[in-house]
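As structure tokens, here come the structures.
Look for chain A in each of the two complexes below; its partner is chain B in the first and chain C in the second.
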Partner chain A sequence: MARKIRVLIAKPGLDGHDRGAKVVARALRDAGMEVIYTGLHQSPEQIVQTALQEDVDAIGLSSLSGSHDVLFPRVMELVRKNRMKVLVTAGGIIPEEDVPALRKCGIAAVFGPGTSIEEIVKFHKDRLGRRS
Partner chain B sequence: MPMALALEKKVKGSRGRGGTAAGGSQAVAPGMETVRKAGYPNLSWLETSQFYGPEGGFDYREKLGSPGEYPFTRGIHSDMYLGRLWTMRQFAGFGSASETNSRFKYLLSHGETGLSVAFDYPTLYGYDTDDPHSEGEYGKCGVAISSLDDMTALFSGIPLDRVSTSMTINGPASVIWAMYLAAAERQGVPAASLRGTIQNDVLKEYIAQKSFIFPPAPSMRLVVDTFEYGMKHVPNWNTVSISGYHIREAGSTAVQELAFTLADGFEYVRQGIERGLDPNKFVPRLSFFFNAHNDFFEEIAKYRAARRIWAREMKESFGLTNEKAMKLRFHTQTAGCTLTAEQPENNVTRVALQAMAAVLGGTQSLHTNSLDEALALPTEKAVRTALRTQQIIAYETGVPNVADPLGGSYYVEWLTDEMEERAYGIFDEIASYGGVLGAIDRGYFQKAITESSYRYQREVEKKERIIVGVNEFTSEEPLEIPILRMDPKGRERQIARLRKLRRTRDSASFEKALSRLRKAAEGDENTMPAILGAVKANATLGEVTGVLREVFGEYREQRII
Partner chain C sequence: MNYTTLARSIIRGDRKAAARLISVVEDEEEGYGEAMDMIFSASGRAGVLGITGAPGVGKSTLVFELAKGFRKEGKSVGIVAVDPTSPLTGGAILGDRIRMSELSSDPGVFIRSMGSRGGTGGLSLQASATVRILDALGCEEIIVETVGAGQTQVDIMGLADTVVVVTMPGSGDEVQSIKAGLLEIADIYVVNKMDLPGSMSTAADLRAMIDLVEDWKGWKPPVLLASASGARGLEEVAGSIRRHREWFSDPEAHMERRASQARKEIYDIIASGILRAISSAVTDEEMGELVRLVAERKMSPYDAARKVAGSALPGADLYKAL
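This part shows the complex of A and B:
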């Protein structure tokens, strides 16, 4: 049987707003994926470490505190350094004008407020093949 | 176009597409419906009847009382807003102390009547700006306050004996409060004449807000230390603001917000009594903080039920005799989680309706959110519109002219009773875990909130709940909302100031103050005097909290999804 899509939902930095991250985690799980949630207050190093250990296909980064501009590129730097083949997406309160820079550093999609969970599920299935 | 497609892929940059045209068999656009089904569940999934009449009945004296009378269902003052309007208190803070000081002065000059400080994440966790944990977070969700000098700059030119200040700070609340008291002293203002609030509600940190530092037991000790210190030295200060706001934002229902918050309140009362404090003296300084969400009447009923339950419990269960201790005073903020990034102008309308519910519910102070907050920190103009919304309610609508104008409404009274009853059901559940601390430990609150928020989100996805501009009535417009940007050099300057402070302070008195603090924390004396001594010796927030971290340890939460 084909392996299920494995996704790490991660909360970088000090931000404690975890409602969106948890809803997305639940939705991906309900869609048949295996979901690992890092819990709060993770450094980029911890996130990448967990992603390696758990051998995930995708990482979803969530931040509502505005620290995305510093912490998300740091995660991407570590992803590259470790030569990981992983789909990284982001969500939270991220101003439209910050999106191009995040895309440029390798984040595949930025899901803003109001994004449907269906869209996030579909995005992962399309990009990672219909393994689940 | 079939409605199923309306939720299809949103193209970034255009924030949604789709239409309002009806079609398909199940999903009919609400605007096109001719008959609405009966029995819509409200936001707490409470089924309502088509209308309410007198058959439920209520004993006026028993259940309501007149405004200003026990059980205070109708409000805590007989003249309500005729005597004094609610305090218009806008939560504000970003970047450095001096940037936020300018925002405060801007708000005061536009008719704001109280201050409310938003701190950045490092400050909320008791880290200095130059701590490695602070990476990427400086000044973003609030102002960075790392020292007494920062606190002094924050209120420069604002006489602290003439304004009341609310500070949203929890884990390191006693340290930040000590800095405020010391900054006031520098202004020549004695502690006894200060008015304000520290949020200091650690219980809801474990439940919802998640900016906890220490484990529950030492956290509760620090909170009770502030109760005791406040009673003696800062008698007009609210030493805790027991908050449902964050519980609701994390996804709870209104009923859960009501019940969890009051349960937390009872726990603080118990802990204060265990310390040996006189509840008739400290309970009047406990204040509350609720959310104002979308379901208009449910919110109003929530505030009314909260007052009645609190009054009853204080009088009958805790046996208090001081009427002030039975009066639930609360601040309200409109619900941040209801703001949409799509068609952000619509948020002005949402905020106005939510604010109206808070006023009809008898709030003591109010924050109205800005229309751009689903996108970024609010701009000056957006904040002004939010404040103007309150002023329009206050001065144009006539709503404040009569106390509790909805009292006696069949529906509102039914809903108030219903919410009260459901809250008691939740109190029983909490009791079955051995109380609030046991329930936190077992993840009860966290699971309940996660369930509610997921259920709600699924209903939105299925269009069982309509969010205007998001899953219905969408439009294809580019976003044109200006975004607040911070001074990019701010962090470096803040760090340079901090390093200079550490170099130039009197190191002998600093060392002495920190070892005194350590001794106080390790023993069982009240920690406030030692914390005050440390901040006056220019110990930074990170250094003071660091000592407490070493003594008390840090809390790690269970991961629940």
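This part shows the complex of A and C:
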């Protein structure tokens, strides 16, 4: 049987914008992946515990409210603490000048508004192998 | 990776190892049988509760409330939530957790979402292995939510000690569909969303239907009204589950069910194991060639099946079986 790619799409913090997260979730599903969607208002602890229980290959963080600079690094800290091998990507409203710091703490890529769905799907397929 | 090492870690309570072994089984990677033997020996203590019913009736919300109840009693809880896999792409959006997110950082709760993948009876074929793994991990109560898919969720009977069929007020179709497939499997009926109009008459319809059956062999399914999101009637649901469990713990009562559960699980393991073994005897190219011949009507699908099986089982009389 083919190994199936499992991805967690998570909405950290109080941000209520969920369109982008849902668009990405559907696109990855249509590409044959299993996508776990957490719903809104997740703490970094909840996100990382969910990723651990669900044994996902990737975590996608979506934030449009400007709280990425605190919440994303906290997620990465917990990922490391739990010694998880997982690809972490992010998207939403994230100013260009914040990207280097996020990359430095281990986030593999940041996708802003207008990114094509094809690009996001391709990135996950390339990074996670042809397992799906 | 050595799967028996994973099994040992799980038995010691390692949640990450449990998550990993579940994926191994789901992906049907080779060689996890021995690990599952160890898991089997370390399991058997958990109570297993099944929650089934049509899409959107409130299964996940009810699972969340029941799980909170178990937590209040100090019990650890495992939840297996199955959502449908798209037959076209093989992908799935697993969204049952949305209703349970309050539990996702509770160290006494382990929630696993599964796509139905090949399963057609409302569960994934690997759901019973997943339940065993959570049992061996130490979960005292395990709740399984099936796909909400209408009439064919009978698989849950092969897995759970107690099956709750959830419905809600609305069209009479609801009761109609229960008649057609779920009547035999329910131990308890919950008419959820009792805050909506029509719940009394839905309950009355269900009771009338149940009354038509004369011999319930010691357990007649109660029909309960509840509101999972409004936290009403949940004590009664939990009480009925407890009573059913007491009744079911009598070996006389449950031997028949246990036997049919065992039979189904053995056949499932044979079916998936044999399919895996046989499929791996031909290369993707060989399989592609057979597929092309059948699609072009140059070969019968039976003949193709015999060719594939024949290369894995030389000497077997395949004309009898296929």
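FYI, the second predicted complex is superposed on the first by the 132 of 132 C-alpha atoms of A that agree within 3 Å, B and C clash if a C-alpha of one lies under 4 Å from a C-alpha of the other, contacts with A are read in each partner's own complex, and residues count from 1 in each chain.
Convention: contacts are C-beta pairs under 8 Å (C-beta built on N, C-alpha and C of every residue); 3 or more make two chains touch, one makes a residue touch a chain.
In this text, all values refer to a predicted model and were calculated from it rather than measured experimentally.
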Taking the superposition on A as described, I'd like to know which of chain B and chain C A:55 touches: first, second, both or neither. second
Going by the contact rule set out at the top, does A:3 touch chain B (first), chain C (second), both, or neither? second
Who does A:26 touch here: chain B (first), chain C (second), both, or neither? both
With both complexes overlaid on chain A, does A:65 touch chain B (first), chain C (second), both or neither? first
Please tell me which partner, chain B or chain C, touches more residues of chain A. B
When the two structures are overlaid on chain A, which partner does A:14 contact: first (chain B), second (chain C), both, or neither? first
Look at A:99 in the shared chain and tell me whether it touches chain B only, chain C only, both, or neither; answer first, second, both or neither. first
Looking at A:35 after the superposition, I want to know if it touches chain B, chain C, both of them or none. Which is it: first, second, both, neither? both
For chain A, which residues belong to both interfaces, chain B and chain C? 25-26, 29, 35, 37-39
Would you tell me which residues of chain C are touching chain A in their complex? 15-16, 19-20, 22-23, 26-29, 85-86, 89-95, 97-99, 101, 104-105, 110-113, 115, 117, 276
Inside the complex, what are the residues of chain A that reach chain B? 9, 13-19, 22-23, 25-27, 29, 35, 37-40, 65-67, 69-71, 74, 93, 95-97, 99, 109-110, 112-119, 122
Given the complex, residues on chain B that touch chain A span 7-10, 12-13, 15-16, 121-122, 124-125, 127, 133-137, 140-141, 209-211, 249-251, 337, 339-342, 374-377, 450, 453-454, 457-458, 461, 467, 470-471, 479, 483, 557, 559-561
Mind listing the chain A positions that touch chain C in their complex? 1-4, 6, 25-26, 28-39, 41-43, 45-46, 49-50, 52-55, 82, 84, 132
